[in-house]
Amino acid sequence: MDFGTVIDAALSAALGPQAIVFALAAIGLNVHFGYTGLLNFGQSGFMSIAAFGLAVTVVTWDLPFWLGIIVGMLGAVLLALVLGVPTLRLRADYLAIVTIATSEILRLIFGAVEFKDTFGGSNGLTGFARTYQDMNPYGGGVDLGIVSFSRNDLWSITVGWTLVALSCLLVFALMRSPWGRVLKSIREDEDAVRSLGKNVFAYKMQALVLGGVFGGLAGIFHILKQGSAVPTDFNTTFTFYAYAALLVGGAARVFGPVVGSMIFWFLIAGIGSFFSQATSGADPLLPDWLMTNTQASLIRFILLGLGLMLLMIFRPQGIFGDRREIAIDGR
Amino acid sequence: MTESPTTTSEHDKHVANAEGAVLRADNLIAGYLPGVNILNGADLYCQPGELVGIIGPNGAGKSTLLKALFGLVKIHEGSVSLKGGDITNQRADQLVTKGIGFVPQTENVFPSLTIEENLEMGCYQEPKKFQERFEFVTDLFPRLGERRKQRAGQLSGGERQMVAMGRALMMDPSVLLLDEPSAGLSPVLQDEVFVQTRNINKAGVSVIMVEQNARRCLQICDRGYVLDHGTTAYSGTGKSLSNDPRVIELYLGTLGQNTDD
Amino acid sequence: MRLAALLAAVAGVLTLLAPSAALAQATPSPTPPASAGAPAAVNPIVPGANITVTLLDLNGGKGDPKPVPGVGLTVLKDSKDGAEVGSQTTDTKGRVSIGIEGNGTYVVELDPKTLPDGVKLSGNGETVKTVEVKLASSNFVQFQIGAVVVQDASLGSKIVDGTRSGIIAGLLIALAALGLSLIFGTTGLTNFAHGELITFGAIATYIFNRGFGLPVVAAGVLAVIASAAFGYLQDRGLWRPLRRRGTGLIAMMIVSIGLALFLRSIFQYGFGGSTRTLSQYVVQGRQSYGPIDLSHKEIAIVLVSVITIVVTCLALMRTRLGKAMRAVSDNPALSASSGLRVDGVISAVWVLGTALTGLAGVLLAVQQQVNFQMGFNLLLLVFAGVTLGGLGTIWGALIGSLVIGLMVELGPVFGVPASIKEVGALVVLILILLVRPQGILGKAQRIG
Amino acid sequence: ACGSSDSEGSSDETKAAPAAAKGDGTLTIGTLLPQTGSLAFLGPPEFAGVDLAIKDINAAGGVNGKDVVGVKADSGDTDSGIAPAETDKLLKAGADVIVGAASSGVSKTVVDKIMSAGVVMYSPANTSTDFDNGDFSKPDLYFRTAPSDILQGAVLANLLIEDGRQNVAILARQDAYGETLAKEISKNLKNAGSTVAANVLYSEKTGPGDSQITEVADSKPDAVVLVAFEETTTIVPKLIQAGVGPKNVPTYFVDGNTANYGKGDAATLPDGTLEGTKGTIPGAEAAQDFKDRLATVNPDLKDYSYSAESYDATVTSALAAIVAGDDSGAAIAKALPSVTEGGEKCDSFEACAALLKDDPKADIDYDGVSGPIELGKTGSPTAASIGIYQYDSKNKIKPVKYIAGKI
Amino acid sequence: MAAELSEARAALAGVSNEPGAPKPDPIVKGSNITRTFGGLKAVDVEHIEIQRGVITALIGPNGAGKTTLFNLLTGFDEPNEGDWSFNGKSLAKVPAYKVARRGMVRTFQLTKVLSKLTVIENMRLGATGQRGERFFSAAFKSLWSSQEDANTTRADELLARFKLDAKREDFAGSLSGGQRKLLEMARALMVDPELIMLDEPMAGVNPALKQSLLGHVKSLRDEGRTVLFVEHDMDMVRDISDWVIVMAQGQIVAEGTPKSVMADQRVIDAYLGAHHDTDITEIDVADLEAEAEAELVAEAEENKS
């Protein structure tokens, strides 16, 4: 058993591009749900529309990369507006279903054979990431002993963590302001806020757009770091996991989503690496009758599920949350 | 002595007189969050057939005290006993079986149930009694009878209060805990509530009521407590309390004293 | 239908014969030059790469297909104007086989003048086929004669079929939705592990059926009981302690996401990744009942689910448990103050809810066999059904689910691409919620 | 074959990558294959193929004097999105060649990552035609032993025409695999003169609903082609229910679902259900001998899909490393086409290695258990043989014949 | 200034005691406002005018439609028909937040505190025209911090007056029932409204505090604000209101000065009850019972006939 490898796998997942995608998406969810109380379960919809905005612009329409980025982000904003106008008056749980439905509709459309010429069908689109990859200034990867990254990942994590840091800064600045206060109030009771002369709808819309933009960033970053836009990447499971990451870190906390995503990926990769080592080799730590190598990779999901449950049971407010807040909404 | 009670002597008084009480709480320390105590050694007893009033400033812990008695707030220290048996931290529904009824201050109706169903919940454990009790309650609040099929969530504030009071009366309890039963009711109904409470009490039910309509409360109760900062600050008969200058200063104020000027 | 079967059988026999016949006559001989008019007795299949055409007159599907002899066919390289590779006249079997060099583009041309009187090519009578040859053996090409004309199914029959499927799908969703709605309505828990409860019912059926060798019906009954027990244990072991600690609803929702992942992986761990079949009722054809075709298992599914749903709904309306559930849902503390055993009510709800959901799993297993993620795949539609009807309302869950089921299956009739047919239902869901934000049967709340 | 002719093939990315210096001396074969998710059923035979190959290679003396090392990772499915993280794990472990992924969709999510790390991505089961086009059309660092669906589509269409089917309905799963294969079959059918009665796709997640089955039935086909994975066990009963089951209409399977469905198999259908149904699987006959040998690494193996392709991918990588005298990804990639095309034929690692031992400059042409494997211009097999199988009354497949083709 | 204001009150002297009587200087004017729920006519107001600069009390039995009228006037509910204006401008169909911005702010009978915000944050939220509430200036603290400080100072003053200063940093969700009422009222005052509409502001507030708050309400009036409140506490109504409007079954049934209204026999019968001024203990319970019995007998007889 080589614990170095386990730690390396876990750490590089926690610091790597996949965790960044989750962090960005979860920051968006934090704005939606954590601060404003909008139960958006369609974050993957925002991601997919931005991702395909970029991919379609570059691949299908053969237009410049940077225009693609703009189209992608505008796509996310537009989705927020189109979704928000009719649905923001829905109660939280209804909004959740509408957003899930919307993201599924988008995913299905992006993957439909009928629109294969535009969106590439279920294979998705590739070949839009050249510009991004060409900007890579690094000559090679790094190896820090306990964790190492390839050249491409190094570039992605540089870009990605910068984006995350900027996003956190923006969220921090906004949420300590009176604007953020209005959002938090809307989360508690819309009518009260309305009675004080605030245009609740406008604020919710601003929050929806802002969170959607973070979602869009996540989507764009996701397809850039892997070089392909595949519709099935943007399914609801992703949103569920992003929520899990958010709440593990602590909702309505600036660093909650970031730390949550890191922990989430640390666990997935770490547990996976541990068990795959424990069951492989000539004389595995865990005998074959107990667990085969194939079953070992399931164990990580079993343990991840279990871990998520235990964390919420013993620290329902998440890592950064405030216990007092949780006590208030206990039924 | 009764003229200048201090906190410690309040406790002595309590120990001296609480013997044989139907419901008795000793030195309760309780709160919602770990480390923050709302009740700091509150004492209370209620002799059989007594009507006890609790008054006190907002946030003094009156509601918390009732909830603690009824098992809805965790008691860290101290004890509650019913007819001599210990009931500290027992579950609310068990206490209902033992004959305690409770009307909370807020959120005291089931919004999605109709009025009739709300009242039915009052005698959930004895559905047979429903018809008889229902007639009694609708006599008291005719409006509830008229609107029996309306969902409680649509009712006006006062109407809800009627439903809440009605639900407690459906239970036919031996000890009744009321948290501001008259709040939000029109004056005529407030009087009605006080009179009916007195009537119920006369019929042998021990009643502990928290009230902000303090004068009325002190008028009808046998004994009153003034709660402040989670402890029993003063206690005595209703009359003695309403004339106690310190109580007036701390709590009663002078509004309505000189009505006819 | 019978005709098709017959055809198939004949074709099958032919297929089995064909290769052996070809082998038997594998006399290497160069392609004889085309001798127009006189049909060759037999055109052997050329070894190596070749293009083979068999002209058969299907006669509109009436009777056996008849070979059409004496028709001239020419193979050209690359295009119509390319070099001629070979030319032959169909033999008594209607066959020509022309040797070619290897991979490349070839054009096969049929000489329409040589067609016997009264024989016409089907379709638009195209006499030229361009093929991309990749195989080093026979490359078969077809010219259709007397092909069966398939009438498009009428809109009416499509609607009838769609409605039947929609109702069955809707009823299965409704059973699960009822379970979800009960649990949500009473505890406020948005249970993302609900799909796994469906799977649980299905897998339990499989285990009782295949593992213990019980008949499917008995296995189904046991599976429902097992589901109920599972629900009870889940509540006792997980949700009740959480409620005791005053865990918030959102935290509980995340717990349910964790639980879903946990259970799904456990199922896969034990059950494996593939779809498995029950021992009975797997293959069943449909019979006609008036305009509707139904198989026996579909009838059984409809009856079982309708009866269960109606009985449950009526029971919930009539009994005290129904009211107690709504009371607990509104305000657990006040319910306790009224003497309700809140935990008891919630346990009862879990037992009932998981039993219903388990039943959905059992019926789904009969309908489409058993897979470790079958419930998870259905979850979105279950949620959609519950929401559409109005969260927490019992009849609403039923109506919402039926609407969703119908929309999914009827959508393709009205132009939703079948490959993404869920889109139709989801769009309808969104539209209805825009008009009635509280769901079909939900009630608006009072302000102030 | 000559190894140098492909030098312009390595993409810009490879060049930019850390100068793909000489390997570390040990050939490390990573496997990125499904252990979880909806494709998990494809995993065991593929893992077994790789394991067996490594065993054989090491038994024959390893590569460049050292034993080959295997590391495993789970590709999951496209839903779980774990493939990138798992790939990292393999790259960390120093993999020079990554055998995987099984699904074309998953492959696409990691192919950039793997190639830019200077590692060979070598899929035993990607059949999507996409990997013949665009960016992947060069034999850079992406290879596969599974023939592209172009060939299977042609063979299956040819089979249908041969059987006299004139009006064929295709029911396919909607993913990279199903869509392209269905497209190829349909294209070839139309070219050859047959009608395509219906081309119906269903969601890979939930399987076909009744509306799709009805669409197939309503088109009154004289044959049905079912392009599916393991959901076949749920689809066949539905087809039967709608009156278009294998008993009523001749049915054809493809490599995704041509497996045994009899007693004792992972998935079963009632006896006789599939009798007469035909299916195609790329690859030469999985000889009983090979199956027996697979049993030595995984005695529970029931299904053999892509086991031969996985085996061959591993063996050819090892041979390429020997030819190049270097185990780095770039070197292997350069040598790979030459060990599979032209030259002295050999059909096992032992035999090929022996040839190379005698003459390090020898030009060999490995023909493996899965077929002749000629990795042509696109890094995909240009020639392959495709087996046609038929079901007996016990739902077991029996080979009927093997058809060789070239793209 | 004060003289001018007492003028407003004095002007009321000339107003007739008819329901819906016109006022000399109305701030709110409405007519034909109806709202039905199913078959129930919850509000059916023919005409209503609220005098500027005075304290008007709205009283009536439970379920009379007072809260519903508040909801309608402030845009939280939509009437079946009706039109009303504030400061001469029509408010029909104007959304709630705009109503509040025009200077007409209400509180809720069932309190709506923002549980997970602290008390002081609740207060700050009330302030209007905050620069920091605009998205584009929010991210830059320098743009709004001075305004925030000013608001905080004002909020602290109010909190002190409402005896909530000790709870300043606590979550509003942890306040007691009475404290919530206080917070809600204080927060509404942060809006700095022209007309403040209080729905049972003193229900559950302890008498001593109530008394001191009454002084505060009066000073609001003296600052030039108009106050409209619903209350069941007659001591309070009598003490501070300049004008009383009585609603029953959705309609305005009486208006007038507190004295005259409370002397109105119909109001006493329907609302106040015979004993509202007497000490309950002085009523012999036996008497009451006899009274109730007699009523019952009478009713029974009525039913018979």
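Observations, loosely collected:
Each chain carries a letter (A, B, C, D and E) given by its place in the written order, and its residues are counted from 1.
By definition in this document, contacts are C-beta pairs under 8 Å (C-beta built on N, C-alpha and C of every residue); 3 or more make two chains touch, one makes a residue touch a chain.
Owing to the predicted nature of the structure, the values given are computational and were not obtained by experimental measurement.
Chains touching both subunit C and subunit D: A.
When every chain is reduced to the mean of its CA atoms, the largest separation from subunit B belongs to D. Every chain gets a centre from its CA atoms, and the centre nearest the mean of all protein CA atoms is that of A. Averaged C-alpha coordinates give centres for subunit A and subunit C that are 32 Å from one another.
Here the spacing of subunit C and subunit E, counted between their Cα centres, is 62 Å.
Once the centre of each chain is set as its mean CA position, subunit B and subunit C turn out to be 62 Å apart.
Within subunit B, the positions touching two or more other chains are listed as 32, 154. Among all residues of subunit C, those that touch two or more other chains are 265, 268, 419-420, 422, 447-448. Among all residues of subunit D, those that touch two or more other chains are 36, 40, 43, 174, 201, 203.
Subunit E meets subunit B in the complex at residues 37, 60-64, 66-68, 109-110, 163, 167, 174-179, 182, 200, 203-212, 214, 232-236, 238-239, 270-273, 275-277, 279-281, 283, 285, 288-289, 296. Those residues of subunit A whose C-beta lies close enough to touch subunit D in the complex are 5, 8-9, 12-13, 16-18, 108, 111-113, 116, 121-124, 126-127, 129, 133, 136, 139-141, 148, 150-153, 225-228, 230, 232-233, 235, 237-238, 265, 268-269, 272-273, 276, 280, 293-298, 301. Contacts from subunit B toward subunit E in the complex involve residues 32, 55-60, 63, 105-106, 139, 143, 154-159, 161-162, 180, 183-192, 194-195, 198-199, 202, 212-216, 219-220, 248-256, 259. Listed in rising order, the residues of subunit D touching subunit C in the complex are 36-41, 43, 150-151, 154-155, 158, 161-167, 174, 188, 191-195, 197, 200-203, 205-207, 209-212, 214-215, 218-220, 222-223, 230-234, 236-238, 240-243, 245, 247-250, 266-270, 273, 276, 400-401, 403-407. By the touch rule above, subunit C contacts subunit B in their complex via residues 320, 323-324, 326-327, 329-331, 333-342, 443, 445-446.
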